[in-house]
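You will see two complexes here that share chain A, one where it goes with chain B and one where it goes with chain C.
Take a look at the complex of A and B:
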């Protein structure tokens, strides 16, 4: 055992009830509690009533439990929201949007929503299995140390799934990063890392942790926008498989509190309160850690055996707040007595409150019946990982923590979980204050025939479209041998897939059951700059279409939300967040897809090099997951050969606002607005056609619209295509060629169908706006004819593919 | 009388044999060039292990040979003093995780050495050494390393100039 560093001196009782409010606030800021004045006052009056001074451990426990990270104050607190002339009071944004939609839909296959560490849905034939899924962010640590931040991010979300129900075996990881452009050349404030470094670091972190734990990383995305330069966003997700009997957990008074996994050190203190504060030059540096994947793997292996032998009754992971929040959560409805001397520690000089609150990674807390402990301990020691008793659950309704008998904390569970004063925040949404750029959609004549081609080539090379092969190839997406549809597809395994399909038979052992599942994502902050409501709708639409295009059963899809926003104390920022949450509610209801889990990360803003606040663009990541009833019927996106018909499903509108075209041509337009009712009808028809094996390939239309989708399908399958724009269903009936080709109207998919199945397909798509718009060709080029019948675009596949592939390698070589 | 002194510290360096392409080195080379180190010509990386505990020289030799080194592609040496590189414009940058950070690789090596049947070390830390060829000054190189190879939040590093 070694000395880590000099211990802080003020570990005992604090003069909390006698300090004047200003000095109290200063003390709180110095010790990194991130508590506001009202909260400090509530704590003070609680302890005045109790008639004693709090210990440091007690205030730290309350600060962790009440942090934005753990309690989601903004999402659960009241908000006075004004939208133009109307003002309304939202009592709880979370309950009135996300939860309300899910409750209204009440889908029987959702086994656990919002309660546990991850959402749980039933899976496979026979009702024996369930999937636990969680996506969360790890933004603040990644801004300071990308490698360690991303590692602990993915490690944390894996533990969430391991702590869902009685523990699920992880079978898929996903990662989505929002960063500034790798070639960002502007100034950065002191201490901020260059985006290229952040990109390399976060990719390496997810790679090293996921690969070493033997979990495939097969889904995700990248989004570049320079306003992420000080606050990069890192979303990590995990899906795990568990037996249905293991979904329920319960804690019985008298059960032992058992800590398993790595020892406790001074790692990651104040992680929860840290993530609830805006990032400044001198951030709390102990909040950053390096992950230990092999330790987590040991815990995983031992836990899976212990679960199947039914050696414990409940489990949760040590995330933000360490033991304090893990035990606090498990003991919420009963009570707990904790003796910290049982906890294995990395260094001998830890203060009691530091052991209690340390966020050292790779630890879980179990509720173990006394008679099972000996067997459990033997099992964990055999796997080479720690296992020790921390105390027991009681029925006292109190949380009592001691170290060698000396009090560390003695708190009422009711006050700890419900005593937080609610702050009413103000939110304002104003639309139309920004100047409108010139509308997109220039008329193209024979004179500028090359223009659309050059736009298409630039679009394919754009950072938000280009090949992600540089990232994907670093991940082991094949481990566990269940990746049916891989992230890279096509003849040469380098085309951009819509979503992965996983067959978790290695985890379930059900080799006869060909059920799999698919995970897709939707994210587009550019739409959010115009209207966060439609951003949320579009993201939900895109995530679902990604699943649809690989052949998943979207009638049993579920959503996960992840909101990343700037400070909610700024009414305009909070207004946008409310709009996005309302969009999520309407999307869930409209598409009849419930949200089952989610997370929010606020205060993503920092002072830039000139001392001004730089806020991130409001961002929503919607992750969708759906079962694939028969993995042998899943579809990839690459053209399968020449002479096949191309069908476009959905209506193309003049929707270029926030589109790739608008960014490249400095123009604007209406933000895309999905119509869920019409969309879901079309999706169901397409799903029916795919299950009848009528569809050879399918791809969703997203950034860059029809043009980019055709190009990606063509160069991945190495077949050319001819497209007739006058066959595309548009609204209004006449649109400029540029708009038809690059509009980002949602709810559209492009299907490749064998000509003998044309009629059968049209029959399957009866009542749905769909048209045959062209065919695939043996000639390796894309030829597009405009409304007047003249050729408006003619480009070689090799030029398109080269442009698409070279961007990231050139920036990162 | 035992020859084993408790707490002896050894430094083991493991590197790719010169005939193999060092992919990680090439990546580091690109990063250094990208950060403005125009004069850099080559980078090769080796892994450093600082092993501290009741082991003698032959224990460390055995652990290095059987555990830390891949005999086909790599070679190792147990360093006794500061390494000397030959020729002008050779730089050695060592990057270590700070002592306050948990070192997962070091921790795994510590347990693995014990599992070889050797005395269990008290502490093992793992770091990287970059052998850099290129014209620069120590100050400039330190600044570039801060922007590329080391993050002062979690790492400590040293830059030394090598001379004949």
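Take a look at the complex of A and C:
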């Protein structure tokens, strides 16, 4: 064991209750507690009542437990929200939007929502299995150190799933990145990383951790917007499979508190970064945790065996706050006595509170019946990973922590978890103050033939549309042999699939059960710039259509929400966040799809090179997951051959606000507005047609609308297409060709159907807006005729595909 | 050389699926053997270290893919040393003609343990280095089988097959050109990366830049196979990336390889 360095010796009791408020706040800021004045006063009055000074360990524990990261003060606290017309008090944004919608839907297949480390739903035939799913963000660490931040981001979300119920075996990872453009040429403040470096770093981090864990990374996305240049967003998701009997966990007083996994060090210690005020030049020492996938793999393998032998009764992961929050969570309803000398440490000079708070990776905490401990220890040691006793759960309702008998913390559980004073925040939503650009949708004309083609080619090469093959191929997306619908699809395995389908037979051992599941995503901050409410709705709509287009059963879909926003202390920013949360509520109700898990990451803003605050565009990632009842009926997006009919489902409206067209042509329009009731009816009809095997290929219309969707399907399947825009169902009845081709109206999908099934399809889509708009051809080109019947676009597939494929490789050469 | 059949013949031959910290593909490999009538058992290298298992009780040995020991000092290197140290009987196991397969990381370990290319002296004459592309890559490849090879794992398979690869250090290199000539002479090159029309071409058809497009090696007797592609990932037709195009209606060709080994033990 090594001694890292002499630690600051302020680990004992503090002069807390006697300090004047101002000095107390200064001390807190110096030690990095991020507690506001009201919270400091609440702690002061608690200890005055107790009749002693708190120890450093106690205040650190409270600061961690009450942090925005752990308690989600903004989402759980009261907000006075004004939308210009009326002002209302929202007691808890989370409870009144997302939770409320889920409770209202009360779906029987949701086994655990919002309680555990991940949402859990039932899975497969016979009710023996369940899926745990979680999506996390790791934004701040990735801004400082992209590789380490992404590694520990994926490592953390894997542990969330490993800590859900009695532990789920991870079978899928997803990753979504929001970054500035790799060719960003503007100025950056000192210390900020160029987006190319961030992109390379986060991809490598997910690759090295995910691949080494043996979990396929087969879903996600990329979004580029220069306002992410100081605050990149990194979303990591994991889905795991667990037996239904392992969904519930319980802690019994007398059970041992057991730490398994890696040793504890000074890594990821929030307080320590601030204590560097007295230790110059060491401020980066503990900023980002250190990932070690092999250690986590050992923990995973040992835990799965221990779970099936029923050697423990409860488990949770060590994430933010380390042991303090893991044990604090597990002991919430009973109590715990912890003796820290049992914890294996990386260096001998850790302060007691540092051991207690360290965010060292690859650790889990288990509640173990005494009689099972010996077997458990043997098992973990055989896998080559740590296992040690930290104490026991009690029925005292107190959290008592000691090191070699000396007190580190002695806190009342009730105060720790419910003693936080609530802060009322103010939120304002104002719309329509921005200047309106020229409306999109130029009139057609003879000159359009070249113009629309060139717009389409530029769209396909746009960073938010182009091929992500450079990223996807670096991930082992087929390990575990369950990826039956792959992220890259089509004749040459390089087309943009809507979603993957996972058949977790290796994990369950039940290869005769053809049940699988699919995960889709929706994210579009450009819509959010116009209205976060409709952004949330559109994201939900798109995530569902991703699932629909691979043949998933969307009537049993679930949502996960991830909000990334700037400072909630700015009323206009918080107003946008409230709008987005209201959108999530209405989407859940409208589509009848419950939210089962989520996470928010706030304060994503930084000072730019001129010292101004640069806020990220308010961003919601909606992840949708649904079962695929029979994986052999899945569908991909590539055209299957010439001579087939193309049906467009859904109505095309003049909705170009925030669209790709608006960005390329500097124009504007209405933000797309889904109608969930009508949409879900259409989706169910399409799902019915797919299950009747009427659909050869399906693709959702998103960025770039109909034009981009047809192009992607065509070059992926190497069949051409003719499209007649006058056949497209539009509202109003007449739209400019440019708008019909590139509008981003939601809820639309394009289907390829054998001509012999035309009638059967229309019967399946009865009562749903759908029209045959063209057919596939043997000619390798896309030909579009306009409203007046003249040809308005004629482009070779090879030109479209080349434009789509070359963007990222050229930028990352 | 005499090739004797496995000592323990039976209805369900026992298959040892070797695990080490960082092994990833153990469960799907075990499942593939189970589906064709084998009786797979996941055995940790630590069990050999503790002398808890006896290699000779098994009919088949499979070393699955993954990142054993994190691949921290080179892909499969530590596992190779562990195999040499704690599974001393493995050379004998091969010599007795019992089926052995190393897939991806398992192939790397077989090569670095000096088991492939197989020589009486057991010296290591090949190794692996980083892909020419410089990146970890997942993709499906076309492979041509050596129809003259004795390899029992690939008997009866079509000459051209498809399987996925996923690795960062898959470029096979040989100690000297002489060794390549020997491999050709002994019909030990079991599989080669080719284009869809069967030609020996460069990237991306050869995904890593392996010498002579080598994707898999066997011993001259044909019972020990190492390959970078993953047969356990093509055991149902729905594993194929183009199954929705309905051009692949048959069962995954990878399953046939596992079936060959199990049948060989049963006969």
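Everything below uses one rule, namely that the second predicted complex is superposed on the first by the 797 of 813 C-alpha atoms of A that agree within 3 Å, B and C clash if a C-alpha of one lies under 4 Å from a C-alpha of the other, contacts with A are read in each partner's own complex, and residues count from 1 in each chain.
In this section, a contact is a pair of C-beta atoms (placed from the backbone, for glycine too) under 8 Å apart; a residue touches a chain by one contact, two chains touch by 3 or more.
Treat the numbers as computed from the prediction; the structure is a model and nothing was measured.
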| item | value |
| --- | --- |
| First (chain B), second (chain C), both or neither touched by A:666 | neither |
| Touching partner for A:640 - first (chain B), second (chain C), both, neither | second |
| Touched partner set for A:106, first chain B, second chain C, both or neither | neither |
| Which of chain B and chain C A:290 touches, first, second, both or neither | first |
| In the superposition, chain B vs chain C on chain A residues touched | C |
| Partner chain in contact with A:148 - chain B first, chain C second, else both or neither | first |
| Partner chain(s) touched by A:346 [first = chain B, second = chain C, both, neither] | first |
| Which of chain B and chain C A:267 touches, first, second, both or neither | first |
| Residues of chain A at both interfaces, chain B in one complex, chain C in the other | 293-294, 384 |
| Chain C-touching residues of chain A, taken from the complex the two chains share | 207, 211-214, 293-294, 297-298, 301, 382-384, 472-482, 484-486, 488-489, 491, 493, 503, 505-507, 509, 511, 631-632, 634-636, 638, 640, 697, 717 |
| Chain C residues touching chain A - in the complex, by the definition given at the top | 19, 21-25, 27-28, 31-32, 34-35, 44, 46, 65-67, 69-72, 135-140, 164, 166, 230, 232-233, 235-236, 238-239, 241-246 |
| Of all residues in chain B, those that touch chain A in their complex | 30-31, 34, 97, 100-104, 107-108, 111, 123, 147-148, 151, 153-154 |
| For the chain A and chain B complex, residues of the former touching the latter | 2, 4-5, 144-145, 147-148, 193-194, 196-197, 200-201, 265-267, 285-286, 288-295, 346, 360, 384, 812-813 |
